[in-house]
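Next, two complexes with subunit A in common: one pairs it with subunit B, the other with subunit C.
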Partner chain A sequence: MNSKSLRNGLRSGTIFSVIIIFFFLIGFIITGPALVAKLFGIYVQQGAPPDVSMLAIFLGLLGLWAGIMAAKPVDSDTYFSTGGAGLAAGVLSGLVSGVFGYSFGTLYAAGIDMRNYLSNVSPPSVNYFIFNQAPLVGALILLVLLSLSGLLGGLLAKAMRGERRRAFSSNLRDRWANLKNQPLILKAEKFRWTRYILMGLVLILLAFLPTQIGSYWDYVIGTVGIYVILGLGLNIIVGLAGQLVLGYVAFFAIGAYAVALLNAPRPLDLLVGFWVALLAAIVFSALAGLLVGLPILSLRGDYLAIVTLGLGEIIRILLSSDAMTPFTGGPRGVPNIGGPVIFGLDFSNDIDLLYLILLFVLLAIFISQRIQNSHTGRSWVSIREDETVSKATGVDTFRSKLLALALGAAFAGIGGALFAVRNQFTGPEDHGLMVSINVLALVIVGGMGSIPGVILGSFALKGLPEILRELDNYRLLFFGALLVVMMILRPEGLWPARRQRIEKASPEEVLEPAEKLEAVPKPVDPLPAKGEEKT
Partner chain B sequence: MTTMIEASQVSKFFGGLVAVNKVDLVVPEHSIASIIGPNGAGKTTLFNCVSGFYKPERGEIVFKGKRINGLSTNQIADLGIARTYQNIRLFANMTAIENVIVGQTPHLKTTWLDAVFNTRRFGKEEKTAVEESRRLLKYTGLAGLGDNLARNLPYGAQRRLEIARALANKPSLLLLDEPTAGMNPQETAVMTRFIRSLRDELGITIILIEHDMRVVMDISDQISVLDYGVKIAEGKPKEIQANPKVIEAYLGPGAAALSQKYQRQRHASNA
Partner chain C sequence: MVGQPTNHEKSPCMSVSKNITLQSTLNAGRVIRVVLGVLVSAYLTWRLIDVIVIERTYGPDTWLKFAISGLILGGLYALIAIGYTLVYGILSMINFAHGEVMMLGCFGGYFVFEALNAIPAPSATDPKLNFLNAPPVLSVILAFLVGMSVSALAGYFLEKIAYRPLRIAPRLIPLISAIGSSIFLQNAGEVMFGPQRRSYTNPVLFSRGAGWTIDVAGNPVVITYTGVLTFILSIILMIGLYTLVQRTKLGRSMRAVAHDKRTAALMGIDVNDVISKTFIISGALAGAAGVMFGIHLGIVYYYVGFLPGIKAFTAAVFGGIGNIPGAMVGGLLLGSIESLGPAALNIDFQLKDVIAFAILILVLLFRPSGLLGQVLSEEKV
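Up next is the complex of A and B:
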């Protein structure tokens, strides 16, 4: 064990001390073990501390993690050095949490209620943190537990790094490569119907899904679907054309209000029918995109972001203003928006609307895909890469950007319309800044310019919070932590964009690019000979 | 020989700085014209005026009988002027072949609606664009590298790709800004031959900014020398080499006299 591994251990110990104390201060020291108990299938009453063994497992896992983190590869990578690093991490975090537990325990024993100062440090949680023991005993248990688990983590990390694992993973990689090169799979890849068969399977799944999963999940998936549409639209503007538009909610609001005002009894009582209203929503939002784009699209980067940010807020404030109340319903919004009606049949229940949303999701994916792989899409990407050069190459950048904004706005209009119809209500509060931020976040999290990325991003940002509902108060904390982890592990997004392979060079062409570089088209003879040829 | 491009009395100011001062330039068709001069002489600024990045304050630029100053860069590209850049400016996160396809923009007429409905027109255009790009990659010696991201290509290949992208425009006038910068002598020789073949085989008129005098003297039909934004000399390579003003612009006042002295001495010792 050398000073370097000791330093690694102390660093990791510091981090995990902070984490444990943080968990303690926010009261997670009860929720965490409760989750562990749930994993074992043990029933725990909401908010009540489970058995202390669960706390031991929870802290033990944290200690293990600390040990593994501490056991970074150093020059002399032995069990002795990694174990020492893990032990150091465990001892440090154990000492800190022990001291913490001891002092809080003593205070609690002295009858001081810490909730006056720290609202989440309840007496049961303090007591639970020191294993329902006397403060000193509890602190010692903490120290021993974390030290041991840290040591174990350090040893485990070395074992996991060992030759065996490397062999295992390379073996796995070879197998995967072999599997991919199986004649059957290669043939299937070339066989163009494979794609259609896969798509068909997905379609069948989507067709049966809404009726099977119950209305809560219908609602969640519907929300995800709407955000997929929004994400695909913003993906055109931000991911492909590279124009940072922060007021995307403006187009969403225009779509929602177009459907609402045209097909609700109050305040205008137009009742033109859902399909006409939907068409109007698309047209109006696309037009809004055009009109807004005309003056502002010559701006670049930060300036465009700020102007569009203002646009989003202006629309929201305008909608709730007194002056507009006779036309927009003002702050109270527009209720009782009519749903889709086909041949006199009403299709506005949850399941039908989910089908409608899925239909539009497929349409949006289809359109995005087609445009992205066309010359229009490539012009957008070239604008994102270098606008000046793109223009000098012959791309009419202004028209191109305007088209991107109008198309993106139209997608937002569809999204807004579906959102309003599904809720049968829309109001200014639905169209806050957070909509823009969420959509932008899902495009970035998924991977800029990538269609599968947008879908994954929507699930991660709109679906995952629903799944995490179990964690109630700590939902957003976990969500934030997940995002941080994701950005460390996959900084280019969950599913980064890949450029299409267009040249499809033959293998022999690919194999010898270095030689090709030397090659010159028909080497021309030096000057004198050339002069003779000419005469 | 008809005139490809004619710039007359072009001036460009940056605040109080006169970057280009009343420069005249006439480039006949099918010729290679070089612009040389010390750093900061206004060569690239003149290029930027021709390709539309800057609007010259005074003067006129006429391309194939049409006045082009005041047009935007994409309109100028549509007319058939393509260029490369001193510091390579490719679309870094697009593949090489995509760069070339974007270069063909002035010749692509289908719209996004064609793409959505996958019309026959669209399919045909897409196919010819890809074929043309493949041909250009081969022509510039980049065949087989087309599906690599532009930023992953080696330096020399990036330079060629810039030229391939410019050629995709089917330009009648090509502006090359230091095409051999950063190349070793062998690569430079290859590039020199390549530039000459552009004129001889494709019939493209070329204006070249170049610091490597061997290249300039080897392939230029005409050389213009800029210094402090003013054109101080113009003529055939031989004339420029002997021009005392040019020598002084590069080496400082008095250098021309010195060089003549050395030349006389050499003649004397030879004799």
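Up next is the complex of A and C:
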């Protein structure tokens, strides 16, 4: 074991001690093991600590990871050095968390409650952290557990390294290629109706789903659907036209309030009916997009982001201010928004509204798909890539950007209207900055400019948190961390747009084997050069 | 500090784009902008004349009160704005998480006061005395030191973890990363310290509301000790920072890196080190602002950094982003406008944030380079 591996070990140990202490401070030291228990199918009451064995597994996994991280970049590649690095990481993190656990344990045993300052460090969680033992015993358990798992991680990293791992991954890749080259699948890829049949299957599924899955899942899928619509709208503005708008919630709010004020008994009592109100919502938000866009779209990049952020905040403050209360209901919002009525029949229960949302989702996907490949869509992409060149090649950049903003705003209006109608209520609290950030994040996490990416992103960011209810307290925390990690590891998103994939890939990857090209009958976009559109 | 020079590859296109811009001088955007400008200035003149000449809503003492609180707030904004401007000057990115760095500093000072308050230090005259009040000046200094160090550390690690791996990425990507860090820090604050608003425990000497009373037009106007402390300290810090940037070796290398990173690296400047130090300095200033915020306004909770952060960014843009005196002037002006504005226009005080944002939008529309900024090429704006 040389000094370099020791240094790596200590470094990884420091990082993981900070992580463990952070987990302890935010109370995740109970939630994490509860998730582990859920993985094993053991029922744990919400908020109550599970069995200590789950904590051991949770911390053991962390220690293992620390060991693997520590062993990664060691020069002399022996079991001795990697194991040493892992052990060093484990011992350091074990020492730090042991000292931490010991001191907090003694503090709590002495009856000093820190909850006034650290709201998640409750006596049960402190007790749980030291394995429900006396402070010293608990600290020793922590030290031994983390050291052993760190050592194991270091050894494992060496065992998994090099030839063996390469062989493993190439084996996987071969199998995947075999699976893909099965005659049946190749034939299916060639068969032009496959797409339509798949789409039909999805449609049938969507038609039957809402009545079958129960109201909770209806609610979740409805939320995801609304965010798909919002995401597709923002995708046009940010993903295609490349204009970073942080005040998207303004258009969402205009849509929601248009429907609410036109079709609720209080404060204005207009009651024009849902469909007229919906149409008005779309028109108003698109108009707002135009009006806002006219003066500000000549700004670029960060400045546009901040101006639109300011606009979103202005709308929210205005909505909740006393001055506007007679018109907008003020801080208390607008209750009792009427639902859709067709031929005198009321269609406003959850399932009908979910169908309505799904209908609009399909419409939004259709419009996005069509416009993305049209002349307009291509001029947007050229603006995104280089606005000056795009202008020089004859694209009316200002008009294109304005159109993108208006269309995206219209989508936001639809989303806001559906959101307000489904909740039968809208208020200033629904229109905070977090809506804009959520939508932007799902577009980026999914992959900018990619329609399937937006759908995937909505499921990941709005659907997953509903499934993992344990993480409710930490949702935004993980959300922020996820954004940073995504930007560092995979800035193109989970499901990048095809064009970007082609641009990112090396030439060999795109033009690989000849038979692969034959398998795809219609040519993929033939590598359009930047700013090629001359129309 | 100035931004990077324009990209040379694009310069041939620039002339073409200028021609096109000339052709479409009369496009709708410009017309709207002019109309908007006329409307806004007409409205402002009408309200000002109405309030000051016709109705005489407020007496001179009220105006003085507003002006004082505006200046104090402005000092805070200026300190935070300097952080934005330093980072923008060097990396051309908006450090969206800067407000959260300030929040952490605010909590740092809060915990120092709470801890000192819990330590008894009985003296002969006062047996109930605790350490917070025994040497009040010392405990305030300690709070500032801790708050500034916490924020400086936060800034350092923020850059190292969230921004450094993205140095060469397209501009949108570090901005998203910054938004992500902002959400992360804010919610880490909420989950760790709880969502409730806490009130700052000041030393008795600096209790809020206590101060010198002066008489203006027959009415008392209180100049609080906390306000004076805040204002003087922010001015001292600003002068210190300006000297640091203009006179020291570190300041010179910061300016060099802001001007051109590659050339600076060729001249033997450790660019990463300078960037780290910039984040440390801007973090420390934000931490000082956070502690001042706590001492003067008396609230601390996880959301405390968000609005001041956005407004300080507004101030930085107002003064010309990338320009340090601009950030100072912008901060002071924004603070004054924010506290005088609702009174001057005779509108609801709830809408003071709207005024700040409206200023941001108007400045960006009519003078994107800010009050003191150099005129940037269209490419950069």
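Methods note: the second predicted complex is superposed on the first by the 404 of 535 C-alpha atoms of A that agree within 3 Å, B and C clash if a C-alpha of one lies under 4 Å from a C-alpha of the other, contacts with A are read in each partner's own complex, and residues count from 1 in each chain.
In the analysis below, a residue touches a chain if its C-beta (ideal position, glycine included) is under 8 Å from a C-beta of that chain, and two chains touch if they have at least 3 such contacts.
All values reported here derive from a predicted model rather than from experimental measurement.
Q: Looking at A:V259 after the superposition, I want to know if it touches subunit B, subunit C, both of them or none. Which is it: first, second, both, neither?
A: So A:V259 meets neither subunit B nor subunit C here.
Q: Going by the contact rule set out at the top, does A:I221 touch subunit B (first), subunit C (second), both, or neither?
A: neither
Q: Quick check for you: in the superposed arrangement, does A:V395 touch first (subunit B), second (subunit C), both or neither?
A: A:V395 contacts subunit B only, not subunit C.
Q: Return first, second, both or neither, reflecting whether A:L403 touches subunit B, subunit C, both chains, or no partner chain.
A: first
Q: After lining up the shared chain so the two structures overlap, which partner does A:L358 touch, if you call subunit B first and subunit C second: first, second, both or neither?
A: In the superposition, A:L358 touches no partner, neither subunit B nor subunit C.
Q: Applying the touch criterion given at the start, work out whether A:S374 contacts subunit B, subunit C, both or neither, answering first, second, both or neither.
A: In the superposed model, A:S374 contacts subunit B only, not subunit C.
Q: Determine, under the contact definition given at the top, whether A:V245 touches first (subunit B), second (subunit C), both, or neither.
A: neither
Q: Pick one for A:E385: touches subunit B only (first), subunit C only (second), both, or neither.
A: first
Q: Common interface residues of subunit A with subunit B and subunit C?
A: Subunit A residues touching both partners: 386, 388-389, 391-392.
Q: Write out the stretch or stretches of subunit A touching subunit C in their complex.
A: 22, 25-27, 117-120, 242, 244, 294-303, 305-307, 309-311, 313-314, 317-318, 320-323, 386, 388-389, 391-392, 398, 437, 440-441, 444, 473-474, 476-477, 479-484, 486-488, 491
Q: Which part of subunit A faces subunit B closely enough to touch in the complex?
A: Answer in residue numbers: 367, 370-371, 373-379, 381-382, 385-386, 388-397, 403, 407, 499-506, 509-513, 516-524, 527, 530.
Q: For a test of understanding, state which residues of subunit C touch subunit A in their complex under the given definition.
A: Interface residues on the subunit C side: 10, 13-14, 16-17, 20, 24, 27-29, 32-33, 36, 93-94, 111, 114, 161-162, 165-166, 169, 171-177, 179-188, 191-195, 310, 313-314, 317, 347-348, 350-351, 353-354, 357-358, 360-361, 364-365, 368, 379-381.
Q: If we count contacts the way the header does, which residues on subunit B are in touch with subunit A in the complex?
A: Subunit B residues touching subunit A: 51-53, 72-74, 76-78, 82-83, 85, 89-98, 101-103, 105-106, 108, 110-112, 114-116, 118, 122, 125-126, 129-130, 133-134, 137-147, 149, 154, 156-157, 165, 169, 190, 193-194, 196-197, 200-201, 218.
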